[in-house]
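Lettered A, B, C and D in written order, each chain numbered from 1.
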C-alpha cells in the first residue's frame, strides 16, 4: 500500500495517510472481522421484541459507530488506491461498498433506527470478503457450472413431477394440505432435501410410496452434487498450492541448478506453510515427518544453549528424515515466515527419482556445518 | 439441419422450411426452455384452489398456445429430418414427443381444461432434453448400475428388518402408529433417509435404540451410494473432456509434427473452453494462469490501440506462463469460439516432459512476431 | 454342480438330481429373488390389522409354500454338494439356512400362523445372498474397520457430551422432555444425524446454540464416514475389476507375445463387460468410443447382409478408434458373452506407450481380413 | 514401561510397581474402555427420574469405584513415567487427567452424589484417548483448517442472510415464531442442516421459496465440507500407512539389496496387517489374492501334518499369486504378529517394474525349500 502510494502522483495529505495506516494496517483483517461481528451482534439483538428503550439506544449507537468506521475505511482505501476506478471495480472493493453503504444510507434517507439497524446484515459480507477461501469457491462454482446446472435441472424436473403426483394422490384425503401443485411443491422440496418438517405428510399408500422414492432420489441427486463440488474443489486446491509453491521454489538459490522437470516435481510436492512470529515450527523430541525450506522470513534453531538463525534459502529438519528418530532441536519463527514443507512420504520418493536433490541437500548441509563450526 | 435437408431427396416446400428455421433456429435451446417454463407456471397456477374464471381462461389460453407451439415444433422437426424414422427413435425426439403430445391429446379426448392443463407437467422434460449434462448422468447410472443395485438391495433388506423390529417393539405402546409392518416401513424409510417427518416416533427404549441404529446405518448406505456416483461421475467427465479435446487437438496444424504419445498427453491436459461472441477471454492486468489455443472461431488481441486477430490454430496467453506477471493484453472472442485452455500447472509439467512442445510454441511465437512486424 | 456331482463317489439317486436341477438351475438367481419377494409381500400383508380370515388363510398358504420351497432348495443343495460340511459352512449356505429354517421351525414348534408368518422377514436375506455386490461391501467394511471405528468412537463421545449438556440446559424449562440424560440422548442422536423428528426440541438459548453445534458437527462426522467408505469402496472395486480382467487377458492368444509389464497395464485398462445372448453390443451408425475383445462366448458382426462370427480371442470396434467416425457395423452377442472393453481414452494412451499392441492389432486385423476374403 | 523405569534413576518401590503393572498392563486398553463404559452406564442410569434410593446408592458406589480406579491409574502412570513433567504434558496424559479428576474433585468439594455422578461424562474421553484414529482426525482437521474455516464462514453468512430474510417475510404472519432475527436463526440452522424439526415452518410464499433455497444451498455447503474432509483424510491415511510400512520394510533383510527407489515403491504398496496370537492369516482352500511378509512375530504354516515356522523376514502366500488357484496351506500367527501384505494387483505391477524383487522372492523361495528339505 505504501509502495503503491509512492507511485501515485497525487499523494494524499499526511493526516489521511496516518488514518489510513491506522485503520487499514493496525486494524487488519482480524480486527475488521471482529468489528463486523460486533456490528452483527448489535443488529441481531436489536431485533428482539420488547427491548427496553435504553438498550435500544445503546445498540443504535454501536451500529452507528460500526457503520461510520466501515464507511471511513472504504473512503480511505479508495483515496489511497493508486488507480481509484480500477480499485473500486475489484470484487473486494465492491463487497466493501455493499457492506459499508446501506446503514449510513438508511439513516440519511430518514429510516427509523430499528429499520436502519436491519441493514447491518450486510456487514456479514466482511466475513467472506476477507476470507482467502472465498475466491476459491467462486472459481470452483464457475469451473463446474455446467454439470452443477445439469444436476439442478434434473432436480427441478424430479421435484415438479413428484409434486404433481403427490397432488393427485393426496388431494382427496388431505384437501387442505395438498390443495394445489404449488402446495405439493413445498412438500416435495422439504422431502427431497430430507429436511422433513413434518407439516405436510402423505397419508395414502401411493403417496407414501412416492415419498420414499423422492427421499431416495434426493440422496442420489445430492450425491452427484457433492461429487462434482468435491472433485472440482480438490482439483482447484491442488492448482493453487502448486502456484504458490512454484513462486517460492523458483526463487530459492538452493534449487538453482536443477532443471525444469525437477523444479516442476518439487513444486508439486512442497506445501506452503505459514508461521507467525514466535510460532514453534518443530519441537525437540517430537517425531519428525517432514523437512522445511525457509522461503521468506527467518527462523531460529534452538538446541540447548546453541542458537542458529536460518534465513530464506536455507532448510532444516532433514536429519529426522534421513536418520529417522525424533527432532534433535526446536525451531521457532522469528518473524512472519513462509516455509515450504516436504513430507517424508514425498521426500523418499523424490530422493529416489531426483538423486540430484539429495546431493544438493547434502552439499548444503556440509557447507552449513562447516560454516557453523568456524 | 439445413445441410441435412439438402441431402434429403424429397425437399419439403419453402413455407414449412421457413417456419422450421424460425422455430428451431431463432427460438433456440434457451427459447424452448423459457417457453417450457412459461407453460409450467401456467400449469402450476392452474391448480390453485378458488381460481376466478377469468384467470382460469387466461391460463388455459397460455397452455393451449404453448402446447400448439411444441406440437408444431415436433412436426416441423420430424418433417425436416433427413431420415424421419431414425430421428423419431432418438431419445431427444422421443422426449420431444412425450413433452408435446399429452396436452393436445387430452383436449382432443374431451378432457376438461383443468385436467388437460395438468398434462403440462410433461413440458418439464424439455428442461432435461436440452441439457448437455443429461446424457452424462444416463451413462454414469448405466456404468455403475451393478454396485448401485447392490447398495439398493442392502438398503431394502435393512429397511425391512428395521420395520419388522419396530413393529414388534412399538405395537403394544402405540398400536395406532405401528399397527402393521407396512406402517412401520413408512417410519423406517423416513428415518433411514434422515428425513424424520416426526409423524411416527418410537416411544419404547428398544424402539429408540433401533431408531438410532437405523439413522446411523442410513448414513453409511448413502455414503456408499454417494461414493459410487461421485467416482463414476468424475471418471466419465474426464473421458468426455478427453474426447472433445482430442478431436480439436488432432486438427491443429501446430501439433502436426508431434508424435502420438505427445498428442495423447496434450489432449489429456487441454480443457475445452467455449466463448460466446464478444466474451472477454483474458483481461489486461489480471494475473495469468493459463494459455489458450484457438480451436474454432476467431479472437482479437487488444493492447492499447493495436488489434491482432488470431484464427484457428493460433494461441495466446503464453507470455504470462513463461515470464510470469499479469496479462499484457485483453483478448476478446469475435465469434462463437472454441478454445483449448492449458493451465499453468500442466504447462510446466508438459514443458518439462515434452520439450518439443516448448520449441513448437517458441517457433510459432517467433513466426507470428515476424509476421506482425511486417 | 453337475460336474461336481460326478466327482462325488456317493452319487445321489436320479429323482433327487432332477429336482435339484429343476429348482437350482431352472429357478435361478432371479427366480429365487422373485420367490423371496412373493414371500415378503405375503409376510407384510399378513401383519395388516383387521384382516378377513379368508385373506389370512391365503397368505398363510403362500408363506407355507415359499417356506417349503426354500427348505427343499437348501436340502437339495446340501445333498448335491461335493463336500457337504464344507458347503454348509460357506457364508452363502449359512444365509440360505437362516433364510429357510425359521418359518418351518415356527410351525413345527406350534406357533400361531400369524407368528410363524412373521419369521418370513428372514427371506429378505435371499436378496443379499444372491447379490454379487454383497461380498464387496463386507470386504470394504473389513478393510476400513479401523478408521470407521475411530469415527464411531468420536461420534459416541460427541453424542454423550451433547446429551449431558442438553439435559443440564433444558431440564428446568422442559422437565418432561429432557428428564434424564438417556432421554436427552434420544434427542442428540436424532439431531446429530439431522433426522430431526421434532418430538423433542430445545427451548433455551444455550440449548439451541448447542443444537446448532451438534447439527454441524454431525455433518462433519458423517463427511468423514462417507469419505472413508467411498475411498475404500472405489479402491476395492478397482481391485476386483483388475482381477477379473487379468484372468481373461492372460488367456487371450492375442496377447501371448506381450511381456508381463504390457499385460499388467492392459489388464488394468480393460473393463469386463457382460453381454446376454442376443444383446446388441455396438450399433451401426452410433458414435464409437471403445473397442472390444471377445473373452468368452461368441458374437456376430452384421453389416448389411454380411455376417461374420467372432469367437473368443478376436476383437471388433477398433476401426472407430483408429479412423474415428460412427460404427460401421452392428455386433450382437450370440450366447452369454464376456467382453473386454477398451475405452478410446485408454486406447490412445496405451497405443502410445505399448506400440507392440498396435502392431498386434494391425496384424490380427490383416490376418482376419485375408481370412474373410477367401 | 518397564524398560523406561529401568532408565529412571529414582526407581519407585516394588509394591507400587506391581500395582502399576497390574492396572496398566493387565487392564490394557480394552479393559480401560470397558471400565469407562461401566462408569458411563452408571452415570446415565443415575440421571433417570424417580430412582429408588437403593439403586441410587449402588450407582454411586459403581461411580466411586470407577473414579478411584481411574485416579489410581493416573497416579501410578505419573509415578512410573521416566520424565514426569514431560509425560504429564502429553495429550494422552492430559486427557487421562481430565477424565480422572472431576468426579473425585466433586466429592471432595462436597457435591451431592447426584451432582458428582454427573461429572462421570468425562470418562467418555477415555474412549477417544485410547483410539489410534484420534491423532489422525486431529491432524486432518489441522491440515485442512483453512478451507474448512472458509466454508464455515460462507455457512455463517448464508445463515445470517437467510434468517434476516425469513424474519422480514414471516413476522407479519407468524409473529410468535419469527419474532426476532435470533429466533429466525434457529429456524435457519435447523433448515440448512436439513434437520427440519418442524417447530418453526415458513407459511408465506416468499418464506417458502427462501426455505427451498436454504435447503439446497445447505447441501452444497456440506458437500464442500465433506469433500475437504474426505480428501484430507484419505491423503493422511496414505501417509500413515507409508510411514508404518517403510519402518518395517527397511528392517527386512529380504529387501537389503534393493535400491532406494525400489524400497520406496515397495513401502508404498505393502499394507501393514496386524494379527493377534492364534489368528488364522490364510486358510487352505480359500482363493489367494495376496502374499505376506512377516515383519514382527512368528507364524506357523500348516499343511496336513507338516508344520513350518516362519519368523520375521520370511514370507508366505506367494504361490497363490504366481501360480493362481486356492491357498495350499493354512497359516496361523503364533504370537502378536505384524505382517506386510502385498495385494495381487500390486504384485503384478511390481513384478513387472521391479524384476529384481521377483528374483529375490524366487531365490529366497529356493533357499527356504532347500533348508526345509534337509
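Here is the rule we use: a residue touches a chain if its C-beta (ideal position, glycine included) is under 8 Å from a C-beta of that chain, and two chains touch if they have at least 3 such contacts.
Quantities reported herein were computed from a predicted structural model and do not represent experimental measurements.
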| item | value |
| --- | --- |
| Copies subunit A and subunit B touch via same or different residues, half shared test | different |
| A-C or C-D - the one linked by more C-beta pairs in contact | C-D |
| Computed distance of Cα centres, subunit C from subunit A, in Å | 40 |
| Averaged-CA centre spacing for the pair subunit D and subunit C, given as whole angstrom | 29 |
| Sites on subunit B at which at least two other chains make contact | 194-198, 222, 226, 230-231 |
| Touching residues (chain side subunit C, partner subunit A) in the complex | 194-198 |
| Interfacial residue positions of subunit D with respect to subunit C in the complex | 40, 43-45, 47-49, 118, 121, 124-125, 127-128, 131-134, 136-137, 155, 186, 189-190, 193-199, 222, 225-226, 229-231, 233-234, 237, 285, 289, 343-345, 348-349, 351-353 |
| Subunit A-facing residues of subunit D, complex | 86, 146-147, 149-151, 153-154, 156-157, 160-161, 164, 167-168, 179-182, 185, 191, 194-198, 201, 208, 211-212, 215-216, 218-220, 222-224, 226-228, 230-231, 238-239, 242-243, 246-247, 259-261, 264, 267-268 |
